[in-house]
Every structure is written in C-alpha cells, then in structure tokens.
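Working notes for the structure below.
Labels for the chains are A, B, C, D and E, by order of writing; each one numbers its residues from 1.
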C-alpha cells in the first residue's frame, strides 16, 4: 500500500502481513486440519482451500462440474465410473499430482473401520474397487448402481491428498496436519496453510501456480470467535472482513445499522428445521420401545399440531424473518430435488382446524383446558429443546403457548444434543426441535425415514439408528428402494417427489422452516464474491472455492486517510500508564507524608 | 563478634533445615494422594456422564450405518470392561498421556498444552496485579481501620466483587472496544493476524480489557484478606512494643505489621494461583481468549468428555501443586511454622 | 428473685436470654450503617419477588402475547425496554428475582448443611475419621468450582434444570464453609469446656450437639448471607454458560439470552445493563448483611476507636 | 528532681457505652535507683497506668493530669519529641513477653532496632551488622547466650523471651524501666531468676523502675516502695518492707492475708480470701469503692470518697479508719 | 465405703504423645508414676511447668491412655471401653484451671451444672440436685444463678459453678488441675477453703495439681513433687516442706520469698524436655548437688550420671528419688511444726 500513514512512527516499513490479506471470522473453531478427522464446516472449508477434489459443485446450482477430473463417464450398467484427470497439476512441493495420488486417497477410505472410512466411507459402501490404469485415469467399481456416488467426489467429499506425504503417516486419527510436526503441509489447492493457531486463527497463503488461476488475494486468514457479538464488533471495526454464518439476531444488528461499508447477504441454506414427533417408537423388528405418548400415533393429532403452529410468526419473531416457512422436508437450496406441497395440501396456521381435528380424533377438553383422550390420558407431551441451540428454546416457548390454545400441554425440557440423541434412540420422547442438513442428493434424507433406521435392540441395550420419528411405512419403503436404483435423474425426481409427499401427508414431522445463510462483508475492502447458488447463495463455505479464488481487494476511488489505529492505541496506552504512575506516585507521596507524623 | 558470623550461617542453614525430608515427603505424598483421588473421581465422574459420544461426533445429517457407529464406539474405547479401561487410563496417565479429544481430534495432552500458556499469561497477569493492588489497598485500609479510606476501599472492592466478571467484560467491550464506544482496544482474541505491532505489544494490547475485568473483580479478595489480617495484627502486643521503641507509625506498619499480615495473604495468593488456570472460563469465552477456559467451553458443547476430563485434571492438579508449593515455601518464610 | 426462678429447667429462661441476645444483636445491627443498607435493599428485593404478580402482569412473560415490539428501548411504557420477543425486561427481572433468590437460598441451604456437617465432624473427630472428612474437604477445595459445576450439570441432566442448578451449586460450594467451620470447631475442641464435658462422660453426640454445633452456628449464619451471594453469582454464571434453566427467567438466563441473541450488537444495552445491575445490587446487599453480621459476631472485626 | 512524677492522673477509655474510667486520680513518684511496686486486683488499672507514662494508649483515650519525666511534661510533648523519649529515656517491658516480640524477626534485630533508632549518628550509620557486638553483650547481661541473637522468638523458652524483652528495654540505657508483670505465666524457678536480674540491674545501673505484679511476696522482697491500687486509685502506699506485714487499708490487708506464707501456722489448712466481686469500672459503688467488700466498713464509707491520707511515717492510705484527713496533696508530699 | 483398696491408685504409669518408636512414644510426658489416694485425702501434686502434671490428671480421668502401667479404682484397673469409662467418670470428677474456658459461653449456669446429670441420666429432681450442688459450692441462693451466663459471673463464681458441676454427681474423687492459678489472689483463698470444707463434709478425695507450693501448705495433706514425668519426692506436706530430701525440692523451696534470707539455688541448664529424658538420674544435668560436689563426696556421682533410678515405691512415708542419703537440704523451718489434721489416712 503506497499511502504513507500519518503519524505512524512505530512501523514505517512494510508489515509482515499483507494488507490485502482476507480475514474472515469463524464461529466454530477448525477442529482439525486433517481432512480425515475434522467435522466442522470451517474445517471442510479449509480442506477445500488446501486440496482438490475430483469434481466441484457448480457455482450456479451445485451440480457436479469438472475439477481434477476433466470429464467422467459411467458404464452402461452403472457399475463403473471412469474419471479422466487433468494434466499438469502439481503439488505445492513441486511434485506432480497423478492418478496414483487419487487412488491412494480413495483406497484409504475403503479400508473398513479406518478413520478415513469413518469420515467418508458412507457413500462408498457398495464400492468394490478403485483403479488407476494410467497416470491420468481413475476408475471406481461398484456392486450396485449408486446414483449418489458422484456427490461424494465433490468438494466436501474425499479430498485428493499427496501420497508421498500421507503414506508415511502412521496414526492418521491424531495427525494434526498443521505443520507442527515439521512436515510441510503439502496440497494442490488454491491456498496453502502457513500458520495454524488453534483457538485463534489460521493463515493460508495463495498458491500462485494454481491450475485454475492464481487467487487475487495473497493471503486468507480465518479468525476464530467464541462470541458472535465480538465477531460482529470486529467486522464493524474492520478487524475482520467477512463473517460467514451469522445468527438472525446478529444479522439484524448489521441490517438495522445499515453501514454502507458492510454488505449483507441472505440466502437459502441446506438446513431444515422441524418439530420432530414420536410416531410410535419401535425397534427394527417392530418391538415397541420407549414411552412416547400414544396419541401421537394418530396422524390427526400430528396434523393438528402443525395446524396450531403459526410458522410465519415463529420465523418473524425468533429469527426476525431470516428464514422461509417450510412444509416439505427438502431444502429449496437443493433445487433439483425440492418438493413443495400444493397449496391445498399445505397445513397453514389454523387453530380452529386443529381443534376440529382433535375433536374428531376423540380428544375432548378436560377440566384444566387440557384435552383428554378416550383412554383417559391427557394430551400432555414432552417437548425437548436443545441447550446448544438457543433459538430452539425460544421457539419451544412459542410452540408451547400455541399448543395450549388448542388444548395440548407441552412440557418443555431443555437437554443437550447428546442427551436428546440418547432419548430419541430409546423412544423416550414425544416432540423435539431439531434440524437436518440435507446434502444435494436426496438419498440421505429419505433413508432417515426408512424402517431400517429405527433403533436396534441387543439384549437390554438399545442403540438408535438415524430415525428420529420411528416412521415405518411400506409405501414409503417401496419408493425409497426405487429411487436408489433409478439412474435417470428425471425419473428419479418423480419418485422422490412421491416419497416426500408421503412424508408430508402423514405428518411425520411438523417441518417449520428452511434456514438461511446469513453473511456479511466489508465492501470497502474486498469485492468480487461469487455466490453459490447464483441467486443469493452462500459467498463462502461453498462446494468448491469459487469465492475465495475470485475476490480481490477493493480499491477506493479516492484514497481514504489511512487509519493508523494500532500505533495510536500504543500511544494511548503509554500515555495512560505514565499518567497512572504519576497520579499514583503523587497520591502515595502525599499519603506518606500525612501518615508519617502525628498518628497513633 | 565472631558469634554473629558463625550463627548467621547456622541460622540460614536452619532455615533450609526446616524442610526436613520427612516434612517434604509428607507434603508431597499428601499432594500425590489427593491428586490420585481427584484422578479417580474425575475418571468415574466422566464415565457416568450420559450420552453416546460416537453419535455426538458422527456428524448428523449424513447417513451412517450402525456398524460404522459401532466401529467408532470401539475406536473410542467403549465396550471393554470398566476396570480394564481404568487401568489403561492410569497406565497412559503415568506416561503423560491422556485420551484422545473427540472434538479437537488430537491427543488431549496436546490440546491442553497449546492452551496452557495463554491462560497463565492472562489470569496470571490479572492475579498478580490484583494481588499487588489488593494487598496494598488492604494493608492501608486495615491500618486505618474505620477511616474514610478504609470504608471507601472496602465498599468499592466489595462492589466490584459482586460483579460477574464476564458481565463486566461485556460492558468493557461495549465501552472500550466497540465501534460505537471508544474503540480503543481489540474486541477479542489474543493477537491480530493483520496487526503491524510487534507481537508482544499486540498481545498486550489484546490483554488490556480481559485483564482489567479479571483484576478489578479479583482485587476484593486480596483487599479483604490483607485488611483483616492487618486488623488482627493491629493490636498485637509486639506492635505496642514497637511503638514504645519510638518507631514512627509507618515504620511500625511496614517493618512489623505488614510482614506478619502478609502470611495469610500469601496462602490465599497461592491458593488462587492454583485457580489461575480455571479462573477465566467465562472471561476467555467473552473475549475469545485462546486459553484453557475457552477450551473447556468448547469441550462443553459436545460434550467432549475426554477433553473435559483432561482440562479438569489440569485444573485440579494446578491447585494441588500450588498448594504443595505454598506448603513448602511457608516454613521458609514463617519461622513459626518450622516449630510445628 | 422469684421471676427468674420459674421454669429454668424447661429452658424458658434460657430461651428468654436467647431472645434478649437476639434483641441485642438487632440493636447492634441497627447501628451498623452498612448492614442496615444491605438489609433494606434485601427487604425491598424480597418484596419485589413476592409481589411479582402485582408489579408485573404474568402475561409479560408470554412470548405469543408479548406486549411490546422487539427490542424497544426504555420508554415510559417499558421502563427497561423489551427483548426480541417484545417482553418487557422489567417483567423478566421482577419474575427472575424469584428464581435467582430461590436458587441462591436453596443452594445455600444445601451448601451450609453439608459444609457444617463435614466441617464439624472433621473438627471433632481426631484420627482417621477426622482425616477422612478433612481430606474430603481438601479435595472439594482443590476441584475448581466452575469445571466441577459444569461436569455435575451434565450429570444431573435428568433432573429438572432448576433443581439441577441448585444441587450443582450446593454441592460445589460447601467446601469453603466446611473449612471455616472446621477451624472454628477446632478452636471449640481446644476449649476446656469440651474437656470438661468429656470428663463428665459425654459421648460424641453430646459433645457435638451441645458444645461444638452451638458454637459454630453463629459463624455459619454469618457465612450464610455470603454464601447466598456467591450462589446467586454462580447461578448467573452457570446460566450465562448455558447451563441454567432457560425456561425460567432468572437474571442469569436473561443475560444469557441477551448474550446469545446479540443484544450488544443490536444496541440493546438495556437488556444487558439492567439484569446485570440487579445481580450486582442483590449480591452486594447480601455481602453487606453478611459482613455486618460477621462484624457483630466476631468482636475482632469491630472497629476499635 | 524525681525521675518520674505522676500527678492526679485520670485515664478514660472510650468504649461503646461511653467512657470507662480505668485510672481515677493517681499520684506516684519514682526516683533514680528506686523500684516502685504496684499491686492490685486484675483490672484495677495497673497496665493502663504503665502505658500512660509513655502515651502508648489508643488515640481515643482521654488522659488528664500530669506526667513528668525528668521534669518534662510527657502529655504535652510533640510526637517527634515523644518518639525520641520513648525507649531512650524510658522503656517498657510488657505484660506477657510472649507477644511482645515480633514472631517473624530475629531476636538480635529486634534488640538492635531501638539502638538504630535512638543511637548516635555513628551507630546509625554503621548499621545493624556493627551492632552485633552490642546486642550480644546485652543478651549476655541478661543471661541469654549471645548466639541467640540469631534465633526467632518461638525458639526460646518463656523465661528466655522475657529476658530478651528486658535486654531490649536496656538497649538504649534508659533511666526509667516500666515492667508490667514481667513474670506472670513463668515458672517459679524462672520467675526467681528474672526478678533477681531486675533487682541487680537497678542496683548496678541506678535506673528507676516501676514494677507491676500480682505477687505480693515478690513485691515485698524486690521493691523499695509499694503502691496498692483498687478500682483505678492508689489505696495504700508505703515502704515495701512493712506495707504488707502491717497494712493500713482493709483491701491491702486482705490482699496480704490471701498470700500464704509457708511455715506460717496461721495459714496451714486455713486458706483465706476476700469475699465479693471486684468492681466494674463503669459501675463503681458510691463512696469508697471498696466498701461493699470491706469487713470494717461503716456508714460513712458508703458516702465519703476517701482520698489518700497519711497513715504512718512514709505511708499513706485511703481509708476512713486511717489517721486524719490531710488538707492537701503537699502535706502528703512532705511525708516522703 | 470401706474398701481394702485405696480409692485411686496409680501403678507404673507411663503416658506419652507422638509417634512411637519401638513402642515408646516420642514425648514421654508421664514416665513412671506411682501414687495412692485414700478416701478423704487431699494430695497436692507440684512441679515446674511441663513436668507432666496435667497429663497425669487427665490420665486419671481416662482422658489419656497410658502406654504402660495402669490406673486402679478401688483396686480394679480402669476399663477404657466407652460404657465403663462413662460410669467411672460419674465417680471421678475433673476441675480445670481456667473456669472461664471450662464453661461454655452459650450455656447457662443451670445447664452447665445439670450437664453431668443429663449425660448420666441421673434420676430424681434435677432442679433440686442442681440447687443443692450450687449452694454447696457456695453460690447461695442457688436459684439466682440458674439463668445466668458465664460472662455475667466473676472468676471466683465461675470456678464455683465448675465445682458445683462436679459435685452434682456426688463424686468420690475430685481431680483439680490448677484450680486457682488463673484466679486473683483475693479469690484464690475462697476456692481453696471450699475444697477443704467439701473434703471435711463429704469425705471427698481431692488431688490438686499446682505449681504453687503455697497452695500445698494451705490445704494439702500429702505433697508430691514431680520432675520430668516422675514423682521425685513425696510425703506429708509438712515433712516435705520442712526437710526436703530431693535437691530439686530444695531448689524449689530456696526461691520462695520465705527463704530469702538464704541464697536461692537457681537451676541452670536448659529446661527439661520430655522428648529427651537424660540417662541416669533424670535430674542430674541440673542437679546442684552434683554440680557443687556433694554427690561426689557422698560417692554417688557416677551412679547419678549412669544408673537409672527406680521409681519411687508405693509407701506412705516421706521418700525421695535421690541417691543422696538422708535429708539433704534446708526446708522451711516453720513448716516442721505442722501437725496432721483432718481425715488423713493412717
């Protein structure tokens, strides 16, 4: 930066950190830089910076686009996938990236019970073999057609790591991969890790020789904030340039201030929030478990509950409008597989309808306003909110009050995610508030509602599957099986729509809303962000590194006076210390003189 | 006189001799037993915790089959009989190893080692400041027991003592760090990756607010202890004797009262030094200070039991070790303890 | 004198004496400006807690029928502003005082009972029995409060949250009391009247119940108010860390909500300042009372002219 | 000029309930080379009297009367002058030597401290090290080995500590030593040693001493004159040799009677005491404060507050049964 | 009670504190004491500070356990089981030195006196018994004192309350540990007179621990002088005082004001320490007789240093644990004339 800073006496020379370093605040610390163990969103973002994948998600709609694989094809029987690799890609230590590296990376994932398998293996359960027939070709064999395999090769899926480094690493599970062991962190991605300070920040240097073009910024830093408030303050003060995942309330703060230097971005996300219902807990062999309220087995009761909830108000009040009211289960972000019920089918807020349904189902108002069923059991449901999610606690209160209006008593309890997982697995719940992150492919979503995902019982020990509704419907099972085997996307879409409709009609969940990604950045510093998907999508934490490679420092039309805040504060501190010493010394001296004499 | 020389050396030796092997061994063994107790308690406390960590740390939203879950559970060491696990744990502990953190994906020992010094820096600075200022205030206030200075000091320090330190931290951020406030200090973290200050100055700059919050709140306990021990000493006969010798009031205080009164405060200081590492959980959370407190807060949202367990062990060990040091130093500075 | 001779055996005179001692205590307490200020504050706060339904309509706690708009700044209608649900902060504080006080007192009772018991036994028994109680105290003393509280809060997840919080605070905070009580019990143990009681043939129960306990009780009582203030602070901190009971508005949970919902960034300072000040005031008031009581019961602390 | 002269001294402590009269009009003198013994019941104001001489009472205490040391008015001195006088001209050995020594300083340093404070500029400049010899001598002079200078108080026995206190009192070679119960709580054997030491100091160095003690036999053997106090007043004063064997005041008589003399058949299997309770300073009976306990009290005693009056040559007592009322204090003065 | 045995008897008593080495405790506070107390006797136990008087008194009450030797009550060894001790403590009472400390400041006089009755669940009219005990102890009218707290009493009155608390159980023996040393001289005589009159009226056996020989002269029939955990001289009070047989007793007497005409024998050397009891005669390092050559002349000097002395045997004559023959020093001349009175054993 050419502008000399006025009064900057402390550091006149060029700072060690580039002025065009892009600094983004992250709310969850990167749990590990090792792509085989990290679980949190920023960690996957970091892997995407450091490594390449066979494919990427398109910035427009997240469908697979070429990355390391320039093109790929499936055999007619759908059992063989052949990827043709890009030539001339080099690792950051200068070595060539070849199909051997790809094979090495994928083979690790196939080893049963390995750490790598635990991390990425679920999408490869029917992969039989991977091969590298030549330096530029990579082949995957499966035992059955697997429509969702391609998604697992995208960013967020299996990264391609350098064989010559990783083959020497013994204990992958505890390998930090942050250079702290003296081994350089070698990657092929657009950025390379240069400094990792857990709990503080992670610095990445741009890779000038990146095959898809050098990034426009020289450095990218992720700074961890435990506290969202301070992260927002930091953005306002210019200590950071970007915040990727704001809560609605913090977003609101920026919105109401409407600082012209801060641009806000609000777009759909892959999270769907629901009120989960216990439709009758049982194990995979249909043995009933738990103590769920029997009334919830009645679809009318479940539907009544949805009618009683004013989703729009819920969104407006607890999220300040930063979400979209939901009916179907899949997120609109996964536009290819999105299904929204037709207006006539939608159960919009209608307490009278809810009451009517409950009356029909035989639940009459009791003495204290709580309805009582034919079996004499009052409609008192446990409603679990989660201690980790404050908005769920807030929302539970709303839902409790709305349910009261229709004669249902919700007994709200707040438990940890962990405890709730346990309770759900054992069927000891009635209702809960939670959410799902659905990937681009619908298979994951639908599998959750299959019979086989219910709990299993081994002696007395019950272990939960993924089902948290204990939904088990033959028609739905059938649809699920069909959609896995269908390789034609258009035909598959029809089946998936039917499956989603089945879920909605049976009110397995009362789906509440589709969450939104809320982001903010300083437009006086960086520009050129590439949202994914194109219409109001996420600016970072993408499938791919589209934004990171595209952003460039913003050069103001007229150079604003340089802020030398750093050196000024030093002066302030020094002044304060001197002043404090002077005052303290004077007081001390005075006191001393006055006490020296004449007092006993 | 030559005797002075001879016995002078003797006295110094006596001083050290106060630390008889038996005394030292007794204290060390006591501390070790306590540590063992804490370890055992700690171990089982975290074993009776509810929940299935395998599920917690398998990311929700991705499909997973029960077999993989089982594999993860086995990796986490579940399934073995409890005593076998406990023995394994002790064995590992003896080799300076703890378990593997679920959430940090690294050995608990490493995770703790990284965060140890930032905490010591933050809380240690605050504690030393608080101790120095607090003892100074307490000594003055106690000596002038009942004076306006005493009342003002007690009232002020007690008021600060009633303030939750994290709340004070929030207020400090509003006033001194936020853009709408004075904006003098960084809002959070330990250093700024883009800062052009020398590293230590940058860290110092980041420390100002959290240290202030901690110091202000901690001061009271030292003020009060020092004050009451000075008051206890205030009417001691040897002070009357000192006064009768013709010493000035401040001489009586500084030469005689202060040193005696310092001893109880020192105990307090050492005890709180032990609490240094655990003392700043909330402040580290508010200021995102990358220390053990923040680590425990991170471990809490899981919860990552091995990590919590490790942090907990370090916290307790710190207190035990500091107490041990206090026990060992005490006879060196207080001649009376040696007799016991 | 006939009046003093009646019914001494049944302890009525002793009772009258005790009443007189209490009156004497009160006379001294009344003269203590700090103590009186604290007491008045506490009475006011307690009155507010008791009269909560009169002072602030309970509907103010409802989210669906909240009277205000989201984060309204303080105004004539909402003296302390509103939260994001439009609920008046003042209503939350008034109702929250109940929870904060209940938690403070209940946790203190637990802490006092355990602390006094363990302390007295550790002081009374010599040999291994006393050693066990003493080590137990030492042990709880070295376990840092917050981590233990956090761990216990996880453990008690099955209980109603509020009860869990109370138990957690009670169980983690008794060790200080126990140590204090033990020290006092030891000085009582060293008193000749205990030797005399032993020489008279008194058993442990008699010694503890007739001599040790009555003599540590004043200290315990003076310590109570201080412990209440610590408990209230602890509740606030636990709630702030998200370990409190989010369903019952206590001052801690109000602050937690403010923190979690970015009140500061939204400029809703009233949401942070007022509950925080409430905590400071009530804790300070308890401290004032505690110190005044201590001053009166412990003549060493009395200001000598 | 007498060394110490106390005239009509009143001391009132300020306490919660008002003023507590601890000393209520005391006249005493101590000459060079003389030991004045002071006896009396616990709480009668002996220690208060001792502290008043060096103005060591709490700041709020009200002191009236006149105390002159070498003719100089102590009560009117500036603080600076008072500090200079303390220890160098008059030193004090406190009741309970155990607590009169700072537990965390070495014996030697504590003895050296007043020398450094009051000594010649040369002494002060030379510092603590140079004083080792002098400190050693002082210790030897009270029979404590010189190497004990390096010890801490708790390492010494009670008798040794008491002797260290005496050595400290001698450090600046004062003219007046006030010894407040220097031997209570000491073993008989040690008690005898300390008393012998004090006596020899007075005779060898010619200092004046005020010796406060409960033990009448000690007083009668060590002192030149003895004053018996009761309820803040001197009720009898006279030569030590005869006062107890032939007391004039009923209180002094009772006090003397309470002390058994071994070998005296009158006291064998016949312990004697003084019935009644000591008076509480805030609630003194009217008239002679002793009259409620007095065996020979007459009606007049309940109303008349008798002051000291000459009883015999060199003796004075405050009792209606004694001699005739003296007109003025000067008359009493002439008797000495 | 007519028993062939003395009321209280002590045989070969050793009491110690601290860790044991080879079965012997580190601090040997009482180290070989034999003593008998007959009914109606007043025995004074004198000696310098730290010689083990209090420890002996506490052991008599069963408050400390001997590691060797025994305490016999009517010829039967003391049983240290709880119930037996409790029964024993109904008959043997302790009166402590400091009455202020011995009374719980929070309990009234009535409660303090009745405590023993309640502990032992003594039947009968508690009120009457308390009143009787108080008036026996000289607090009359007793009812006036019932509701008072210790701080409302004078020191002498407090000690009387303590004594009343002991009397209320109709004990056979009172062990008084320095019962008057914390009291003012004027009160002291009153309390001693009370003890004497109680002995005369009730036939109590009293063991008074003291460091004051004057007290022994005042009330005791027998005087035992203790040195470093052992009784070194015992006999009728008059005899011991008039013609001490042990150099230690002699030294004690020589510093009394009554003997000021003589040069006092000031003992030199460090105070005795029950941790390190010297070999030979335990008094030898400070023994004036050894120092001034009298022992040498008597030809026992070597034995004094090298040969451990026997314990004083249990007999009622005047005896001393010293190798020097006969009476070795001057006592207090007047004392010899004392004639035994009272209910002494014969």
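The working rule: contacts are C-beta pairs under 8 Å (C-beta built on N, C-alpha and C of every residue); 3 or more make two chains touch, one makes a residue touch a chain.
As the structure is a prediction and not an experimental result, all values here were calculated from the model.
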Graph distance between subunit C and subunit E, where chains that touch are linked: 1
Core chain by centroid distance, with centroids computed from Cα atoms only: B
Intercentroid distance (Cα basis), subunit E paired with subunit D, Å: 33
Distance between chain centroids, defined by C-alpha means - subunit A, subunit B (Å): 36
Gap in Å, rounded to a whole number, between the CA centres of subunit D and subunit B: 52
Intercentroid distance (Cα basis), subunit E paired with subunit A, Å: 86
Two or more partner chains touched - positions in subunit D: 58-59
Numbers and ranges of subunit A residues touching at least 2 other chains: 227, 229, 233, 388, 416, 419, 597, 599-600
Complex interface listing, subunit A residues touching subunit B: 10-11, 15, 17, 19, 21, 23, 29, 31-32, 34, 37-39, 112-113, 115, 117-118, 121-122, 125, 173-174, 176, 195, 197-201, 203, 221, 223-227, 229-231, 233-234, 236-237, 239, 388, 416-419, 421-422, 425, 436-439, 443-444, 447-448, 456, 463-466, 565-567, 569-570, 572-573, 591-592, 595-597, 599-600
Contacting residues of subunit A [partner subunit C, same complex]: 227-229, 232-233, 247, 249-250, 252-254, 256-257, 313, 317-318, 320, 385, 387-388, 390, 393-394, 396-398, 401-402, 412-416, 419
Residue numbers on subunit C that touch subunit A, as the complex places them: 62-65, 70, 84-86, 154, 157, 161, 242-243, 245-247, 256-257, 259-267
Contact footprint of subunit D on subunit B as seen in their complex: 1, 3-4, 6-8, 10-11, 236-238, 240-248, 255-256, 259-260, 263, 334-336, 339
Contact set on subunit B toward subunit C in their complex: 33-34, 37-38, 41, 45-46, 48-50, 145-146, 155, 158-159, 161-164, 166-167, 170-171, 173-174, 178, 180, 228, 231-232, 234-235, 274-275, 278-279, 281-282, 285, 296-297, 300, 303, 308, 311-312, 315-316, 319-320, 323
